[in-house]
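Just so it is clear, A, B, C, D, E and F label the chains in written order, and each chain counts residues from 1 on its own.
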Amino acid sequence: METRRRLELIVERMAQSRAGNILKDAGIKGYTVLDAVAGYADGLDWQSDADISLAQDMVVIIAIGDNATIDRALQNLHQLLDAHIGVLSVSDVQIMRPERF
Amino acid sequence: METRRRLELIVERMAQSRAGNILKDAGIKGYTVLDAVAGYADGLDWQSDADISLAQDMVVIIAIGDNATIDRALQNLHQLLDAHIGVLSVSDVQIMRPERF
Amino acid sequence: METRRRLELIVERMAQSRAGNILKDAGIKGYTVLDAVAGYADGLDWQSDADISLAQDMVVIIAIGDNATIDRALQNLHQLLDAHIGVLSVSDVQIMRPERF
Amino acid sequence: MSSDILLATITSPVVLFFVLGLGAALARSDMSIPESFAKGIALYLMIAIGLKGGVEMSKSGLNLQIGAVMIAAIGLSFCLPLLAFTLLRRMTGLDRVNAAATAAHYGSISIVTFVAATEAIRLTGVSSSGYLVAVAAIMESPAIISALFLAGSAARSSGHIAGSERGELVREVALNASVVTLLGSLVIGWITGVEGFARVEPFFVTPFQGVLCVFLLDMGLAAGRGLRRGWRDLERGTLAFGIIMPLLSASIAASIALILRLPAGDAALFMTLAASASYIAVPAAMRLALPKAKPSIYLTLSLGITFPFNLTLGIPLYLFVAKLIGT
Amino acid sequence: MSSDILLATITSPVVLFFVLGLGAALARSDMSIPESFAKGIALYLMIAIGLKGGVEMSKSGLNLQIGAVMIAAIGLSFCLPLLAFTLLRRMTGLDRVNAAATAAHYGSISIVTFVAATEAIRLTGVSSSGYLVAVAAIMESPAIISALFLAGSAARSSGHIAGSERGELVREVALNASVVTLLGSLVIGWITGVEGFARVEPFFVTPFQGVLCVFLLDMGLAAGRGLRRGWRDLERGTLAFGIIMPLLSASIAASIALILRLPAGDAALFMTLAASASYIAVPAAMRLALPKAKPSIYLTLSLGITFPFNLTLGIPLYLFVAKLIGT
Amino acid sequence: MSSDILLATITSPVVLFFVLGLGAALARSDMSIPESFAKGIALYLMIAIGLKGGVEMSKSGLNLQIGAVMIAAIGLSFCLPLLAFTLLRRMTGLDRVNAAATAAHYGSISIVTFVAATEAIRLTGVSSSGYLVAVAAIMESPAIISALFLAGSAARSSGHIAGSERGELVREVALNASVVTLLGSLVIGWITGVEGFARVEPFFVTPFQGVLCVFLLDMGLAAGRGLRRGWRDLERGTLAFGIIMPLLSASIAASIALILRLPAGDAALFMTLAASASYIAVPAAMRLALPKAKPSIYLTLSLGITFPFNLTLGIPLYLFVAKLIGT
């Protein structure tokens, strides 16, 4: 197995397509989006069921890529998070088909 | 980038707010909750669509924090899992805005 | 805390039960399934809300197990992904109740 | 007990959809109803029931008898768990905590069983009173408190589960979604009265029986899956309890109905409430209060055994008895 | 073919909502219908269709003609994929697996197309029989089996996909949610009959056409997105197949209708079933059975080309022909 | 202003369900309506409103007055944010970006408030015109553009947020789901006319008021949670703005109605549109365009203050004034 990097971006839904653009521009081959249903930050709880506007929903974007791709994305994602609500983390993972990432 | 710890707690929905309280008490700055839709344990499959009572649903709580915060939370989460159904794991992640965690 | 391995399989929903069978056959004690709501691959975006057939939906399967169990599963999961759409990664995590995994 | 009622009950769309769901789940079909859709339907049903009860109460007002029934109902919900607990400890190998948690379900009520009974009663030309919806609502929670006492030290120690807040259980008991929806809608029905209700009737009354069918399909699916999953945890004694207990509860309720001189329709509904077991509010409360108790036991019993028993055999039986004793 | 019917069809709310969804998706509007809500609506539609068919069957009973139509329908569902496969291999560059998977869709049916045809027929004053819902249900799955044979070695090897269970495909074919819901509701309608049905009619009949509009809005959105995504995978020959195939299927069905002496309304529905292509049950089965086949081909073709063709031009045409040949 | 209307408004089921939701959320009950179910209901409401407006327009056609109202409406939606922005900067400590984002909400509209007004008007025996649905739809978005200008440099810099595409904001303004659904359904209603509409009326008209109740329950829950969360971000001046602004907007709209010689019902609806504030379309657009503005301010104000004010006191007041000035 080879090592790649797994980027996990927790970000507001309205910024999902911007984050996607950044990842695509960095050359990522794929990513996956999950719905967050609740959370906590700044001393406040939120819940997607309680939000009629969809303005406060969050999603989790998972993208596995090689070092260079993730590095290219990080710069712009960092800037995205200057404007948008969210949290970013990166970790190492082992994968089996290096040509896919 | 700096290193922090990513806690991932898979726990029954009815214990979500207790887990949240533990994390807040430990001083975590934020966490995010996802819905699990199915799973397996003890030789049995479960599916959220098949559960009319909502008593058997599970959620996944992701919390990124520094060493000390996560350690403070672990003790009580361990105790929570004595009573409640769930699974806990912790891993290292790289983050970009150390002041946020 | 002890170290185990966290397997994360992003796979099409119709292959979920096959993936589950593989994990069970490998001796995994539990796994958890989340719904993906959107994603990107091969230059194409997808969204679960836009898919009336449920044929193109993806799920994320998380399974924490020991080295041997995960290794046993990997071989067959790799084969599964020859036929089915999906992505697989493995990372190390710390856990608290070694007997549970 | 007229076999006509029984036949009419068993071939009613509502029962047949439950059977369809049950069969599909047991045969491992991939049929399923999305959780959020089912939750929406459950909400609709509770609002509709609450509104209708409230409107009828706005017509009839309150009186002493109603007050007496309410007090009796609260008492029943508190006491039935004691009976259930004793039976379970004698008849089955269930430990204290599991017996207490299961007992709570039988002190509480099932609103769908209540509705099915209302419809069965209506079809036989008997009338019933709107305030029984309020009775249903106030019977939801007291049993939870009894169960905590019954579980004893086990329950007390669960008061110290890490992360638990003061008052979280009180909130769960008093402000859980079922109770608030039912009572809230009842009050709204009362305030808005016949006139206001007329405007929402085409949504909350006309299609009600059809929506109920979809919910029963989902309940059948849940019961079937529950039985497949929970089977191994249920011994014969536990299964028997799932049928004996509602009969006992209904008998006690029948005595009370006799004492309070309830009319036949109201007596039948009161018996049905006593005989029915919760599968939404109480399971959730038990996960909070007695997390060591196994849902595979109490849910399978309540949803997989008692609910179908009441739906098919129980209701016609209670109605038959109620007609004998009713004023 | 009267242009009146055509105009009435194209300006019907159902078709217009499909067009709205299609346009919104092509224009990249963010309009969307939550997956679980759409799934709930799909369930509603199938239950409603099944119930209604069952009730009508309870009135008319069974006869030899019905038996003959059923056998013919099963035969059609088995055989149409052969025709589709041959055409696809000749007309397009699709490989064996993709051609087989696509062929399966055309042997199966689209229940929404069926419903739209029922309504169009009703509006022109022609009547049709309830048992055609049963015909629809039994045509859902046989085509899947044909496709497996057509795919040949490719399919056989997929029998060895890691983790696959014995019988999973049989379960998918025989117990998939669409078939169970449709047939189950049909049986319920039959058992409960006119009287039981009357109680649920205000939910399953009265608002049906309106609910259908919402579902067609969702189908339009799905078709539009499918076309945007799948466009690059579809050559001109494949697109042409999406229109030629339903015409051929309808012709074959017309011949059968002639031989079996079906009345005009029934003939039109039978032709519509033959001409329609699946976009819910079969795509799911194909992901299991032939995972190497591309959904972007078969789904785009079925939902983006054949469905709108049938909905707008096909149905009026089949009805026109059916009136000529119908008894 | 007749206290009858006021009382009828406050005891209407729709208002009472809002209050129930509000109370449940403030009391921290776990009552909730699944997001996807609520989104489905919102869609239903918009389609129903659009269709009905379109059908009525198909009857009455277009005329000069309608054109004038439309132009005035666009102008209002553009200009009200300027007034709101000025007020906010004077009355409150909000910075430029938050003031601009909040102002956008008040230039746009709330379709539920509009519907509630339509019903209140209908109940008092006054009639109103279908084209006001079109007016509502075209007032949704212009305010977003004004807000971008008001935010000034802050907005311009947000044009450079990483990952943002050319045209994404234009798409959000012109093709957002609310606008497309409302206008699309309106056009469908127009094309299909009275006859086509008759077929879907049992779904889109008959149960409408009841469905609205469920949505208002959800809005109450959202408003209650918003108030609990957002309380600390709202100073007294901001709260006052939430009531002063709709009164000012309604006054301006009243003057326009007077100039354009609108009949009483139409004038009341036009005033209501001006007075109402968005809580679905504009918040989403603001997250894209002005992400630094806080939803806890603008959403709490719009949903927690202005919406309930309009629903209970505003609508009867606007109707009262409209009757005085209406032709």
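Simple rule for what comes next: a contact is a pair of C-beta atoms (placed from the backbone, for glycine too) under 8 Å apart; a residue touches a chain by one contact, two chains touch by 3 or more.
Here the structure is a predicted model, which means the values were calculated and not measured.
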(message) Just to be sure I understand the contacts, which chains border both chain E and chain A?
(response) C, F
(message) In terms of touching chains, how many steps apart are chain C and chain D, taking the shortest path?
(response) 2
(request) Could you work out which chain's C-alpha centre is the most distant one from the centre of chain C? (result) F
(request) State the chain with the largest centre-to-centre distance from chain B, centres being mean CA positions. (result) E
(message) Using mean CA coordinates as chain centres, what's the gap between chain B and chain C in Å?
(response) 19
(message) What's the distance between the Cα centroids of chain A and chain F, rounded to whole Å?
(response) 33
(request) With chain centres taken as the means of their Cα atoms, state the distance from chain C to chain F in Å. (result) 44
(message) Two-or-more-chain contact residues of chain D, please, as numbers and ranges.
(response) 32-37, 39-40, 206-207
(request) Would you please write down the residue numbers of chain C that are in contact with two or more other chains? (result) 20, 34-35, 45, 91
(message) How do the chains pair up in terms of touching? List each pair.
(response) A-B, A-C, A-F, B-C, B-D, C-E, D-E, D-F, E-F
(request) Give every residue of chain E touching chain D within the complex, in rising order. (result) 34-37, 39-40, 43-44, 47, 51, 171-172, 175-177, 180-181, 184-185, 187-188, 191-192, 196-197, 199-204, 206-207
(message) Show me the residue ranges of chain A that touch chain C in the complex, using the header's touch definition.
(response) 1, 4, 6, 16, 20, 23-24, 28-35, 59, 62, 64, 91-97, 100
(request) Write out the stretch or stretches of chain E touching chain F in their complex. (result) 11-13, 16-17, 20, 23-24, 27-37, 40, 206-211, 213-214, 217
(message) Per the contact definition, I'd like the list of chain B residues that touch chain C in the complex.
(response) 8, 10, 34-42, 45, 58, 60, 74, 78, 81, 87-91
(request) Spell out the part of chain B that touches chain D in their complex, as residue ranges. (result) 12, 14-15, 17-22, 25, 44-57, 76-77, 79-80, 83-85
